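Here come two complexes built around subunit A, the first alongside subunit B, the second alongside subunit C.
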Partner chain A sequence: MPEYKGMVQPLRATPDEMRKIFAEPVPDEQKPEKALEYLDEIRKKFRSFVVAMESCVKCGQCAENCHTYLGTRDPNNIPANRAELIRKIYRRYFTLEGRWFGKLVGAEDISLDVIESWYSYFYQCSQCRRCAHVCPFGIDTCEVTFIGRQLLHWLGITPKLHAAVGGAMEKVGNHTGLPKPGIIDTLEFMSEEIMDEFGVEVEFPVDKPDSDIIYIPSSADFLLNPYTLMGAGMFFTYIGANWCIPSTVTEAGNFGLLFDQYYTQRGNVNRLLNAAHELNAKKIVWGECGHGWRAAKMYVPSMADRPVRWPLTHVHDEAAELIRKGELKLNPENNPYPTTLHDPCNYVRACGLNDNMRTIIKAVTVDFREMTPKGEDNFCCGGGSGILFDDPEMYQRRIQLSQKKADQVRATGIGKDGHGILCAPCSICKAQLYPMVEEHDLGVEVKGLVDLLGKALVWK
Partner chain B sequence: MKLLIGQILPYITVTLFTLGVLYRLGRWVGPRIVHNITLSPWPKTNTEVAIRVGSEAFLFRNLFRFDKALWVGAIMMHLALLNIIGGHVVGFGFLGEQFALIPGLGITPELSTEMSDMLGTVFGILLFVTLLYLLFRRLTIPHVKLVSKPSDNMWLIYLIVLVGVGNIMRLFHDFGVGYEQVRDYIVALALFQPVTHMELLSNGFFLTHYLLVQILLIVFPYSKLMHLFGMFAERWIVNRVYKDPAPGIPNIDVAAARKAGIGIPSDDAAEEGV
Partner chain C sequence: MPCLNVNGVEIELDEDGFMIDPDLWNEDVARAFAASEGINELNEDHWKVINYLREYFKQYHIAPMVRKLCKETGCSLKYIYDLFPSGPAKGACKLAGLPKPTGCV
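And then the complex of A and B:
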């Protein structure tokens, strides 16, 4: 069902697929009633949601600052209006003014149509938080869509893509469904590649007990972004770290953040901590994944269900620290092409990675050009929160959602001669941008940041 | 009418306003801040938090950064509003002679009253004009129109009328009221004394202005005007101190690792004589 009354919608998981991720679909006729019941429960729990519901003055500032509205000009993609899709229900049932004044203050009765509109518009939001960043009050529409998606999940409405990813994670510990033997094979293959291309010996230890650090790569790095994982392997080898990859968690992402913050996200957090516990690790270092790093850095403390003994850092934090201390010998000439940095939203607006990314990229490239706006003001790639849908209608939307990013990249001029590098150090950004740089004909290649770091290392 | 608006309603208004605001704030305190959603780059100390939130609250930093036209209108409107609310309090409290009380300036009570009148007139007109501007903006700019509900426009119109009546009283002395009259009235109310005989309450403009203010205060807790508190409640969630864990990989010695040639194939290493 890719469209509902003129609204685009991602393909949804079948009831069986929902059951695999421990959700029981609610029959259509009960959905409105159940939605209210769940909403009532959740509004009593999350202040972030309640304050967002009750404080917007409709100044409209967020509109021109959301790439989804810029790309589609669909009024419901204005953050304030996106939140309004649920706020009108919240008003109607849970506030006095909504009960007294109704339509005047924009209150509306719940219906299946409203729920379907949530599904359409909460899954066009990439939860990039640019609206929160620009709102005079800091109202975070991302929190609203988090909760909207949670309600949908409990009603049994989750995109096929997200459900499949959730199921694979449950089963093998990563999103791509790659089992342990496949992982080991791939890593051996990467070792050979590194030897061929860079002439150095790099091993990727798996499940090595008593490793000082465990490294959590994005599973996409095994298949789609091999240079990111190779770069990380080279970096850890170069600095002489005692490290390994835990086979039970070969996934930096946590789609629980994006569709089910209760069971799924919490389950993944505990799976991670169990791995660190079993391998007796001292520290956990994260790979390139925007939402996944947010889910780890910001949510592990509140979801761990136990004291957290392991400091969590991002591989960019570690590399930047060593660069600042002057401990890495780097040759920026190895990355000679004009390069720009797409700031993954989760890194710059939720995880504070702004400066560290720049420390690295400036040290490993010769021709680095900032895009405008940059850092915490940067726009999303349009694929954030896993809205990487392939069905034709949604794919067209993805092209529109990446329009702003395309304009920004073009304005840097790096792709003029057809060999620019668009550094986008997040797996979802990469997955979105690989096809989008072609659709928008940008003349650039998409790369991770650790890729560039690995290439620039001078070994002797 | 005098009895209702002048004598009875004020007590009801104050009670409903206070309870209403407490009710709304209570609704926000119940639910907790479950997860850490502070926005980065995050403040590292409480001073930084205060600067960030203060610059949003008093300078409208984000509006300035992302929409200058809105910033001008919004900050002028709020500034005028703040001064007018303040002016009502001290103007009536000190009968316009408040500036004479500032030591060392040598301002006479007469000059102070004149200044007080002046400021009131200027900010009154400014508030009226900026409210019109915000209404114009709401009705003309497409994306603002798209997010507006009827109540958003109505609030602006309501305030324009309220302020308009206030301005008439100030600009046309025949319709105005004296500082003293108002002070005596307030004092009487506070002492629970009868006020219906007062000349003040025979002024239709005053009664209208006064009624509009009271209705505003009664509805305030259930309206968008609660953003006065909502702003701080939201910032309290998204602008919090965060301290990064220290970077540093346990047990590494990069210099030693490089010296030992880790990663360099042994035949290579032999060639190099490492």
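And then the complex of A and C:
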């Protein structure tokens, strides 16, 4: 069902697909009542949500700062208005003025139509938090989208893509459904490719007990991003690390953050800690995945079911630290083309990776040009929070959502001659931008940052 | 649920047009998919890609890395897009009867 009463919607998971991720769909006639019950429960727990419900004065600061609104010009995609889709229900049932004066104070009765509007608009928001970044009251509208999607999930409404990812994680420990033999075959292929192209011997150990480092790659790297995998393997080999990839968690992403923070996100966290425990690892190093790094860095300690005895770092943190100490010999000439950096939202607005990414990119390229705005002010790629839907209506919407990014890239002048590099060090950004740079005819190639680092390493 | 009728056999497809039961695949199914993808005729290179994908999937239960597909079949990514306009995942994998790739792809 691509549309509901004129609103675009992603394909939704079937009841069977929902059951695979431990959610029991609620029958339509019970959905409004259940939605209220769940909303009541959740508002009592999350102060961040209540702040968003109670404090917004509709100043409009968020509107022009939201790439979704800029790309679609749909008023419901203004963050304040998107939040209003829930706020009007919150007001009707949980505030005095709403109970007494109803529509006069902007309150509305819950209905299936309202729930369907949540499904449309909370899955056009990419949870990028640029609106939160500019809100004078500090309202984090992403928290509202989180809760909107959580309510929908409990009602049994989740996109097919997100549910499939949850199901694959349950089954094999990654989002793309890669079983261990496939993982090993691809890693052996990577070793051969590194030997062919760079002439160095790099092994990718899997499930090696007593590894100092377990590296958590994004599983999309195994299908689409060869240089990200190769770059990480070369980096760990270069620094002489005792490392491995755990076959039970070949996934840096955690879609639980994006649609089900109760069961799915928590389950993934504990799966990770089990892997670290079983391999007797000393440290966990994260691969290129924006939302996944936020889920790991910011949520693992509070969601873990045990004390977390492993330091958790990002591969960019590791590399930047060594670059600052002068311990990596790098030749930026190996990345000769003009390069710009797309900042993954979760890295810069949630995890403080801003400086470290720049430390690396400036050391490994000869012609680095910032886009405007940059860093924590940067815009989302338009695919954030996994809204990588490819049914025709939603795909058209993705092109609109990436318009702002396309304008930013074009303004750098990179790609005019067809030789630019758009560095986008996150799997969702990559998956969104691979087709979008073609749709917008930008003349740039999309690469990760570890990709560029691997190429720049100078071997003894 | 959408279906594809091939030689009198109803083949169930998911909403994205991929086969639900890959065991029902045969060459005529690939030809029927080709027609729906706007590919007039499957030539030798189409079959090379389709057969490689099927063999790989049989062994590993997953599609190969796109780079490996290109290397093993000798087809550049651009040429694969010429052969299968929807690309390696949504085009070639569909014709080969593989399930739709999921995740950040």
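Keep in mind that, in the parts below, the second predicted complex is superposed on the first by the 460 of 460 C-alpha atoms of A that agree within 3 Å, B and C clash if a C-alpha of one lies under 4 Å from a C-alpha of the other, contacts with A are read in each partner's own complex, and residues count from 1 in each chain.
As a convention for this text, contacts are C-beta pairs under 8 Å (C-beta built on N, C-alpha and C of every residue); 3 or more make two chains touch, one makes a residue touch a chain.
These figures come from a predicted structure and were not determined experimentally.
Student: Quick one: is A:175 in contact with subunit B, with subunit C, with both, or with neither? Answer first, second, both or neither.
Tutor: In the superposed model, A:175 contacts subunit C only, not subunit B.
Student: Tell me which partner A:378 touches in the superposition: subunit B (first), subunit C (second), both or neither.
Tutor: Neither partner.
Student: Considering only touches as defined above, state whether A:186 meets subunit B (first), subunit C (second), both or neither.
Tutor: second
Student: Contact-wise, after the overlay, does A:403 reach subunit B, subunit C, both or neither (first, second, both, neither)?
Tutor: Neither subunit B nor subunit C is touched by A:403.
Student: Using the superposition on chain A described above, determine whether A:47 touches subunit B (first), subunit C (second), both, or neither.
Tutor: Touch partner of A:47: subunit B, not subunit C.
Student: Comparing subunit C with subunit B, which touches more residues belonging to subunit A?
Tutor: Looking at subunit A, the partner in contact with more of its residues is B.
Student: Which residues form the common part of the subunit A surface touched by subunit B and by subunit C?
Tutor: Of subunit A, no residue contacts subunit B in one complex and subunit C in the other.
Student: Flag every residue of subunit C that touches subunit A in the complex, lowest number first.
Tutor: Of all residues in subunit C, those touching subunit A are 15-16, 59-68, 89-90, 99, 101-105.
Student: State the interface residues of subunit B toward subunit A in the complex, per the touch definition above.
Tutor: Residues in contact with subunit A: 24, 27-37, 39-42, 56, 60, 62-63, 65-67, 70, 74, 141, 143-144, 146-152, 154, 222-224, 226-227, 230-231, 233-235, 237-239, 242, 244-258, 260-265, 268, 272, 274.
Student: Residue numbers of subunit A touching subunit C in their complex, please.
Tutor: Within the complex, subunit A touches subunit C at residues 11, 160-161, 164-165, 168, 174-179, 181-182, 185-186, 189, 193, 218-220, 222-224, 226, 253, 289, 386, 388, 390-391, 427-428, 430-431.
Student: Can you check the complex and tell me which residues of subunit A touch subunit B?
Tutor: Checking each residue of subunit A against subunit B gives 43-52, 54-61, 63-65, 69, 75, 78, 80-81, 84, 95-97, 100-101, 103-106, 129, 132-140, 143, 195, 199-202, 212-213, 234, 237-242, 261, 282-283, 285, 298-299, 301-303, 311-313, 317-318, 320-322, 327-329, 348-355, 375-376, 459-460.
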